[in-house]
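Quick one: the structure is below, questions incoming.
To keep things simple, chains are lettered A, B and C as they appear, and every chain counts its residues starting from 1.
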């Protein structure tokens, strides 16, 4: 048939190398952030060979862990075309409650941890209920709950921090390192975050629930008409995100060596940056979780690499801003490809 | 496939309900797969349906035409579970049914292809076909880990699509957003056909399409009919209706103005009955 | 059926690619060329050889917006070359960002620096500082001693107690026996930091008021007698927190005035707070004696303008420079610095700046103060 051969011809057409790259990147959207990460690694190693040393790489992973964990929850929510500004606040609230309960041999460590996690889940659930039952835009809901949870954390903790030596080993354990000192050293927190990525990544790509998350984000009404329980999916997403923030709080205690109510300033922006650089669309329905991990690594590599090169703080902040724009532009360029 | 041109008066299935219905082909097609009696639906003071009757037989294309506001959408939504009628009775294969939400109708074997298609652009064709009905892998991978059988779904989706005679969509892993309007329609219809056990309702399937793609959709509709499904087709496109329908239900002012066939009446007659300029004679 | 062909690739794609590549190059170019004044493009990192190998030092402040820390950073950078130091500046994102300082400390170790100068955010960074010392870096705390003080090798700081005391002594002398209705505008009310209680309690001690617990603000008697100057009655109206900023200072002062509109003496933790407090007073048509601490150039000007009666001037640049010199010395085999006699830190000095000197309290004029002030 004439039309077949025309279509086939088109498929077989000569593509310039750039078009070929673009085509491949379109099929695997997380390759583009990976590409940027590799470029960053090479550049920073050239600037300072210490960047590529085993100890530096281990350190990089440790520094990325907390934001990377928070970004998992943020990814889920952004995939549903929402956004979560309360991400840091929930983590802080959970952290302060866990720590205050367990302080100086108070509540049993396991119980304190569970209460903290349960509180984070409840906070996420609250966000979800406000979004699904009251039909309020996620931006507005989480803008409000951001203040509410921050205030609750400050009120509950009295603004004071709790040092690691007042806390039971269970709460500090994710800060424990393993591996040779001066060599590639990781903390259990890094491992925990890796496990979280594996589990949530699996759910998103290999289960029906994951598909429903994408469907709800891409076209909520069509999903509903097709029989997807959109309300339940959204509620689940916010609740799961809450649980993830709770685990991130646990990792944070280990990393900081303390539970402080002022930790992770502007975690919401950092997590959103990681998600966006990782190729996930703010409009929902598109993106891969692995992209978020790469995005978080890119941001931290930039900070770390510039720091190793002796660049001052202010330039690093500037560079991160430029990076976001560049990364998103490249991503937009890739999306121009059709099949 | 019966398309009798000669109306018979000895029509046992003649419905009641405020209109003069003639031009019914003979009832030698067995029992209706879907029938409605006296459907009433009001929205406050506005009367959407004023006691409408309807019979749909297996293996026929039953078109519903009518002017805006006549109640076509309301009628369809009552049949597809999107709305609950205030009174009246709906029977599926002779048994009375109550649909409280779209999922109930779907579970009973009635599939609806909405005007906006309800496909997810970012997902691929196979994912769309199986949306909300995904199939899991056999064994513990499926039951414990709830892993999807992606390959299997893709294969079966391909079979479904080709079974409707659609040759131009080859790759089931292609995202729907890369398809043309007609191809997306094909995907939506394939979805209905794959799962619609008994009835498929199509709401303005050719409205947004060009000539060639529109004809392809009509061909798909014929294929579905030939499989023995009952097809309800809502359309404003008279030429298409006259081309593919076996019987035509004319909805007017909340009630049924009549049921005709393409051979018993012309398009002009149909439009006239629709607008009230003409009344069906017994 | 003809499949609709995708649009032909627009030419602007090529341009977009160029933009992306250019931006990346810009980034890396800025990285390579934009390193601090001390080092050339290729010598960053401290691990490269070559003659005159520089000593890596990290300066880690609490944030990079507070003029105090900005002045510290600028002063240190200006002196880095003189001391053969390759200085890297870092900070938290804001007051309370422990994790930011922890990361900066780790980076310093990874970079191979020989020492760290740090204004510790809180006890949350203690573990990281300890790890740095274990890795062989010499850690000096600036301006604020950590808790406990031996978390670092040594602290170079202002004697904040003395600063407060100078203010208190001056105020008492100025009052010449009149009753003092006092507003105390502190830094925080939701956490306890040493600079806060040292200056506040120092001021009260300078006034000759019983401070009860010398490490706690707000536990003094609300009324009583002060013994400084000619002695007299005092009333403490309030302890409010202004967060160390102008707007906070104004709000705090307004709260105090609504409790007692006759306040005639205001102690402020720093000069921005004082300016805010003055704003509140003026808005209500009142005046009061305002004392403060810091001695930044803007604050000294406030003294000259009569907004602030007296301020205790401290020397952040000196802290940073002395710290850098100390590390440079140690790195080349020299002796470690030691604490000032009678104190558990190295005193970098404080002087009272006022245009209304009083007997018994040494002070310098605002003109003299503006010559050695920090900031702009």
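The rule we apply is simple: a contact is a pair of C-beta atoms (placed from the backbone, for glycine too) under 8 Å apart; a residue touches a chain by one contact, two chains touch by 3 or more.
Computed from a predicted structure; not experimentally measured.
Counting C-beta pairs in contact, the chain pair with the highest total is A-C. Relative to chain A, the chain whose mean Cα position lies farthest away is B.
If each chain is reduced to the centroid of its CA atoms, chain B and chain C end up 75 Å from each other. The distance from the centre of chain A to the centre of chain B, with each centre set as the mean of the Cα atoms, comes to 45 Å. Distance from the chain A centre to the chain C centre is 34 Å, each centre being the mean of its Cα atoms. Within chain B, the positions touching two or more other chains are listed as 168.
Counting partner chains per residue, chain A has residues 3, 7, 338-339 touching two or more of them.
Shared interface positions of chain C, defined as residues touching 2 or more other chains, are 1-3. Contacts from chain A toward chain C in the complex involve residues 3, 6-7, 10, 18-19, 22, 39, 43, 47-50, 53, 55-56, 59, 62-63, 66, 154, 158-161, 163-164, 252, 255-258, 260-266, 303-315, 318-319, 322-323, 325-326, 329-330, 333, 336-339.
The touching residues of chain C, counted against chain A in their complex, run 1-3, 5-7, 9-10, 13-14, 16-17, 19-20, 23-24, 26-28, 30-32, 34-36, 39, 44-47, 56, 64, 73, 86, 88-100, 102-104, 106-107, 110-112, 122-124, 126-128, 188, 190-192.
Residues 102-103, 106, 114, 116-123, 127-128, 131-134, 136, 145-148, 168, 174-175, 178 of chain B touch chain A in their complex. Note for the complex: chain A touches chain B at residues 3, 7, 202, 206-209, 211-212, 214-215, 218-219, 221-223, 225-228, 285-286, 338-339.
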